[in-house]
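Dropping the structures in below, format is C-alpha cells.
One chain, subunit A, links the two complexes that follow: it is found with subunit B in the first and with subunit C in the second.
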Partner chain A sequence: MRRKLVYTFIYIFLSISAFISIFPFYWMIVGSTNASVDIIKGKITFGTKFIENFKNLIETFGLGQVLLNSLEVSIFVVIGSLIVSSLAGYGFEIYKSKSRNRVYAVVLWTLMIPPAALMVPLFRLMNVFNLIDSLWGVILPMIPSVFLIFFFRQNFQQYPKEIIMAARVDGASELRIFFSIVMPSMKATYAAAAIYAFMTSWNAYLWPLVIIQSSEKRTMTLFISNLASGYNPDFGVVMTGVVVATLPMIIVFFALQRYFVQGVLGSVKQ
Partner chain B sequence: MKIGKSYNLWGWVFISLALIALTLFILYPIIYSLYLSTFSTRGFLKTFVGFGNYKRLFQDRNFLLSLKNISIIFVVQIPIMLFLALIYAFLLNDPKLKFKGFFRTALFLPAVTSLVAYTILFKMMFSTDGLVNNILLAIGIIKQPIRWLLDPFWAKVTLIIAMTWRWTGYNMMFYLAGLQNIPNEIYEAAEIDGANRRVQFFKITIPLLKPIILFTTIMSTIGTLQLFDEPMNLAAGVVTGSSVGPGNSLLTPSVYIYNVCFKYVPNFGYASAISYVIVLIAAILSLIQFKVVGERR
Partner chain C sequence: MKKVILMLLIISMLIGLFGVVNAAKKVTIWCWDPNFNVAIMEEAASRYQKLHPDVEFEVVSMAKADVEQKLNTILASGVKRGLPEIVLIEDYNAQKYLQSYPGSFADLTREFNYKEFAPYKVKLMTLNGKVYGVPFDSGVAGWFYRRDYFEQAGINPEDLKNITWDEFIEIGKIVKEKTGKYMISGDPYDGGLMRILLHSAGTWYFDEKGNPNIANNEVLKDALKIYKELFASGIMKETSGWNEWVASFNNGEVASVVTGVWIIGSIKAEKSQTGKWGVLPVPRLDLPGAVNASNLGGSSWYVLNNSENKDIAIDFLREIYAKDIDFYQKILIERGAFGTWLPAQNGYAYRAEDPFFGNQRIFLDFSEWLKKIPSVDFGLFTYEADGAIMGVMPDVYNGNLTIDEALKLAEEQFKNTLGF
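Here is the complex of A and B:
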C-alpha cells in the first residue's frame, strides 16, 4: 500500500517535470502558427498564420541567406574539426610519449579559458588575415576543438592495438592505417563528434557576433537574436525564427538519439 | 609499448595540424592578451601601465557587480540544478519504473536547444504581460503581475529558472551513465535491510557518484564564469541605455568584457586584464572543488 503511494508520487513528480521540459517546445511551435497579437493575448492553441510568418521571415528579414550562411559555417566546421581533432586524438593516443603527454596537458588546460578572453587577440588576428566580416573568419577559429581532441583520444583508447600492429607487419604506412583501417571502423565515434561539432557551430553566438558586421553575412543565432531584441518585436515571426533555428537539432536528436547523447556528453562511456 | 624514432616522428605528424590551429587560435591569443593586459588602449593609443589594469579592476564597480551576479548563480542555481538532476537520475534508474524512455527523453530535450533560442523563448514567456504571469494570475498565486525582466531581483530569478530548465536534463544524463556502473544488487540488498528510498539516495547514490558530481560541478562552474548568451539576450531591448538588465543585474564578466571591447570606447588592454582574472578564478574554484570532494582523478 505504502509502496503504491510512493510510486504514485514519483509518477506525478516525473510527469510534471516532463511537462515543464516539453511545454516551451509546444508553445514555440504553436506560437509560430499564430499572429503576434494572439500570442500576447495568451493563445496556446494552433492557429493558421504559419505560412504568413514564414513568408515574412524570408521576404522581409532575409531568412534564406541566413540559412545558407549557417549551413556553410556548420559544414566546414564539422569537416575541418573532425579531420584535425581525430588525427590529433589518434596521434596522442597511439604514439604515446612523455613530451606529447605534456603538450596534451597544456591543450586540456585551455578548456578553462572563457572564449570571451580570446576575443580581442583573435579579432586582431582576423584583421591581419583580412577575414573580418566574412564567414571564413567565423569558421577558422572554430575548427580546433580541444573537447573533440579529448573525445577522440578517449575513443581511440578502446581501439584494439593488435590490428594496427598487424597492419604494420603487412607493410601498410601509418597514414594508410589511419585513413583506411581505423577511421572506417570508428563510424559511431565520428557520428557523435559530427553532431557535437554541428551543434556548437550552428549555435555559436559570441564569435559570430564579434566578427560579422553586415546583415548579409549573419548566421542563424545573430538573426534570431536581432529579431527578438527590437523594440516591439513581432512575436509570431520571432517564434517562427526560433523554430527554424531549433528544428535541425531536434531532427538530428530524434534520428540519431544514441550518437547524439554520446556527442553531447562526450567522453562518458555508455 | 616502446616506440621507435620513426613512430615518434609520426606522432608529431598526426598532431601537427591541431597544434598549428591551436597555437594560432588559442595559444597565441592567450599570450598576446597577457602582454596586452599591461597596456591601456584607447583606439590606436597604447600606454604601458604595468599592473595598473589589475589594480583598477578592484575599484571597478561594474566588474565587482558582474562577479557578484555570477556568484549568486553559482550559489543558488548550480546546487538546485545538480540536486534535481541527481534526483531524476536516481528515480529513472529504478528498474521497476515504467515509461523510463519517455521521461528520459523529455527531461533531456531542453539540452537540444541553442542558448540563444531558448533564452528568447523564456524572455517572451516571462514578459510582464506574458504567459507565465497570465498563468500565475489565473490560478491566483499572485495578485499583481510580476515584473520579471524589469526588476533586478526577478531578472535574476528568470535567468536562474531558464538555466535550470536548459541544463538539468543534460547533467542528469551524466549521472544516469554513472549509475549504470553501480550494480542493482546494492540497492536490492539495501531494500532488504530496510533502507527506504531517501536513505538509498543519500547513502548509496550520492557517495558512489562523487567523481561525476565533481566533474559536473566543475563544468557548471566554468560554464557560469563564461555565461554570455543568456544574459545578453535576456537583457537585449528590455532596458535602454548601457545597463545589462535592470540595474545591471544581468551583467556577467563575459558580457562586461564584450562591452569593454565593442560597446564603450574600446579598451582591449583592460578587457584582457579582466579575462585573466576570470581564468584565475576558474582555476582556483576548480582546485577548491577538488579539495572539498577530496578525490583526485
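Here is the complex of A and C:
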C-alpha cells in the first residue's frame, strides 16, 4: 500500500517534469503551423499555416544556403575535433613523461576562460591568417576542444594497455596502433563525442557571429537570431525556422543514441 | 569511383569555405529589422543605383544585439578589415561608440547641412563640436487615444492638448470609471516611459560632464512619482514584454498609448479599430522647461573610417538621406518610418489624412512636435542607468523606500557597477 503511494508521487512528479521539458517543443511545433497573430494570442492547438510559413522561410529568407553552411561547419568540426581531441587524450594517457600532468592541468585550466574573453584575440589571429568572413575561420578555432580531450583521456584510462603492448611487439607503428586497433574498439566513445561536437558546433553562436560578415555565409543560429530580431517579427516563420534548426540535432542524436549511453558509461569492459 | 566522387565533393566544399574578395565598389551596411531598417536601406540603395549603376550594395540583416556585438569586437581588436561601410546605431548608445572608439567613425561635419535635420538628433551624435552620423528615424512621442472611449467618458480631446501628467492621471480615473477600460498599459519595470518623461523636460540621467545625475535629479524624482501614481491609481494595466503590451491595445483593453511614433504600425495592425484612434501631444511634467513633446528611441547611420569605400558611402547617404524627398514619403507610407530630415516633411505623405486615425493629419502633428523635442545629451550609459532605477522600483511601489531614498540607492548601485 505504501509502495503504491510512493509510486503515485513519483509518477506525478515525473509527469510534471516531462510536461515541463516537452511543452516548449510542443509549442515550437504548434507555432510552426500557425500565423504570427495567433501565436501572440497564445494559441496552442495545431493550425494550417505550416506550408505557408515554410515557403516564406525558404523564399524570402534563403534557408537552403544557411543550412548548407551550418552542415559544412558541423561536419568539419566533428571530424576535426574527434581526430585532434582523441589523439591528444590518447597521448596524455598512454605516453608517460614527467611534465605530462602539469601540461594536462594547464590545458584543463583554459576551461575557466570565458569564451567571450577570447573573441578579440581570436579575431586578430584570424585576421593574420586571412580567414575573416570565411567558414574556415568558423571551423578552425572550434576544433580543439578541451572538454573532449578530457573525455577521451578518461575513456582511454579503461583501455587495456596490454593490447597496445601486444601490438607494439607485433611491430605496429604508434599511429597504426591508434587508428587500427584503439579507435575501432572505442566506437561508443567516439559516437558520444561526435554528438557533443555536433551539438556545440551546430549551436555555436558568438564566434560565427563575430567572424562571418556576409549574409550568404551565415550559419543557422545567426539566421534565426535575425529572423526574430525585427520590431515585429513573424513568429510563425521564426518557429518554423527553429523546427528546421532542431531537426538535424534530433536526427544525429537518435542515430547515435544507442552508442551515447554506452559511451558515457565507458567503452571497453575488462 | 565512390572515393573519387567523395573527394571531389569534399574539395568543392573546402573551396566554398574560403572568403571571396570584395568587388571594387561595394558598400556594405549592417542594420537590424528586416521589415524596417533593412527594407528601407534596400530601397535607398536601389535609388542610388539608378544614379550610379556601378555601385553594389550589401545590406546585411542582423539582430540589434548582434550588430553591437560584432561592432564592439572588431573595433576593440583594432583590425581594419571586416568592417562595413555603414552601420546603424541606436541613438541612446551613440556616444558610447563615439567616445570608446575615437577615430573609428568618419567625421561628417562638412559633408552634410545639419541645419536641415532635427536639432535633438544632431546633438546626440556630436562629440567635441564634430558631427559623426546621419540622423535617421525619430521616436517622436505621441499620446495615441481611443476616440470612442474618450467620447463615452465625456472627455473632449481638444481640451487635452497641453495637459500635465497629474491631469492625465485624473482623466484616466474618469475613463476607468465611465468605461471600465484602463487608461494605459505598460511594464512597471520598463524604463521606456521614464525616458519619455525625462526627455520632455530636457533632462537625462547624466549631467553635461557625463557624471550620473540620479539622486538629486528633481525631474527624475517627479518621474518616479508619476510612475508610482500610474500604478497605484489603478489606471495602468500591467503587462510584461512587448507582445502582451501590443495585445493590450489591439484587444481594446486600454484607452490610450503613450510612446514613440513607430508604434503606429502595431496599432494599425488591428483593422477593426479603423477610425477609432486619434493622436494628441504627450502630457508634460509640471516643471519649468518641460514641454509637451518627447522622444523614445530612434537610430542613425554612421560611416566607418577604415572601411574600403567610405567616400561612396558618404555620397550615398547624402544623395538619398539628405536630398531625396520622395524617398522619405515612400518609407513613411510603406514602413511607417518617420525621418528627421526636415525638408522631407513638406512632402505629400506627411500631409495626408489617415482614415484609421479619424482623418487626422497625424504626421503633420508629429512634425510639429518633432521640432519641439528638447536636445539632450544621452551620455554613455543610458541602459545601465535605466536598469539601476528599475532595480529599485519594487521598493518604490510597495512603499519600502521613499523616492529620495530609492534614487540614492539607485545612484550608488549605478556607480558601483560602472566604477564612477
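Basically, the second predicted complex is superposed on the first by the 245 of 270 C-alpha atoms of A that agree within 3 Å, B and C clash if a C-alpha of one lies under 4 Å from a C-alpha of the other, contacts with A are read in each partner's own complex, and residues count from 1 in each chain.
Throughout what follows, contacts are C-beta pairs under 8 Å (C-beta built on N, C-alpha and C of every residue); 3 or more make two chains touch, one makes a residue touch a chain.
Keep in mind it's a predicted model, so treat the numbers as computed, not measured.
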Self-check item: Combined model on subunit A where subunit B meets subunit C, clash or fit
Solution: clash
Quiz item: Of the two partner chains, subunit B (first) and subunit C (second), which one does A:87 touch, if any: first, second, both, or neither?
Solution: first
Practice problem: Go through the superposed model and pick first if A:210 touches only subunit B, second if only subunit C, both, or neither. | Solution: both
Quiz item: Given the touch rule stated above, what does A:12 touch, subunit B (first), subunit C (second), both, or neither?
Solution: neither
Quiz item: If you stack the two complexes on chain A, which partner ends up touching A:20: first (subunit B), second (subunit C), both, or neither?
Solution: first
Quiz item: Where does A:100 make contact in the superposed view: on subunit B (first), on subunit C (second), on both, or on neither?
Solution: first
Self-check item: Which superposed partner A:51 touches (first subunit B, second subunit C, both, neither)
Solution: neither
Quiz item: Looking at subunit A, does subunit C or subunit B touch more of its residues?
Solution: B
Practice problem: Please work out whether A:114 is in contact with subunit B alone, subunit C alone, both, or neither, and reply first, second, both or neither. | Solution: first
Quiz item: Which partner does A:131 contact after superposing on A: first (subunit B), second (subunit C), both, neither?
Solution: second
Quiz item: Which holds for A:250: it touches subunit B only (first), subunit C only (second), both, or neither?
Solution: first
Practice problem: Once the structures are lined up on chain A, find the stretch of subunit B hitting subunit C; candidates are 3-11, 57-65 or 111-119. | Solution: 57-65
Practice problem: Residue by residue on subunit A, keep only those touching subunit B in one complex and subunit C in the other, then list them. | Solution: 40, 119-121, 123-124, 206, 209-210, 225, 228-231
Quiz prompt | subunit A - residues contacting subunit B, complex | solution = 6, 10, 13-14, 17-18, 20-22, 24-25, 27-28, 31, 39-40, 42, 44, 83-85, 87-88, 90-92, 94-97, 100, 103, 107, 110-125, 140-141, 143-144, 146, 149, 161, 174, 178, 202-203, 205-206, 209-210, 220-221, 224-225, 228-231, 233, 235, 238-239, 242, 245-246, 249-250, 253, 257, 261, 264-265, 268-270
Self-check item: List of subunit C residues in touch with subunit A within their complex
Solution: 13, 16-20, 28, 32-36, 58, 60-64, 66, 69-70, 73-74, 76-79, 81-82, 84, 243, 246-247, 262, 265-266
Quiz item: Tell me, which parts of subunit A touch subunit C in their complex?
Solution: 40-41, 72, 76, 119-121, 123-124, 127, 130-137, 139, 206, 209-210, 213-215, 222, 225-226, 228-232
Quiz prompt | For the subunit B and subunit A complex, residues of the former touching the latter | solution = 1, 3, 7-8, 10-15, 17-19, 21-22, 24-30, 32-33, 36, 88, 91-92, 97, 102-103, 105-118, 120-125, 129-131, 134, 165, 169-170, 173-174, 177-178, 180, 197, 212, 222, 225-226, 228-229, 232-233, 236-237, 253-254, 257-258, 261-262, 268, 271-272, 275-276, 278-279, 282-283, 286
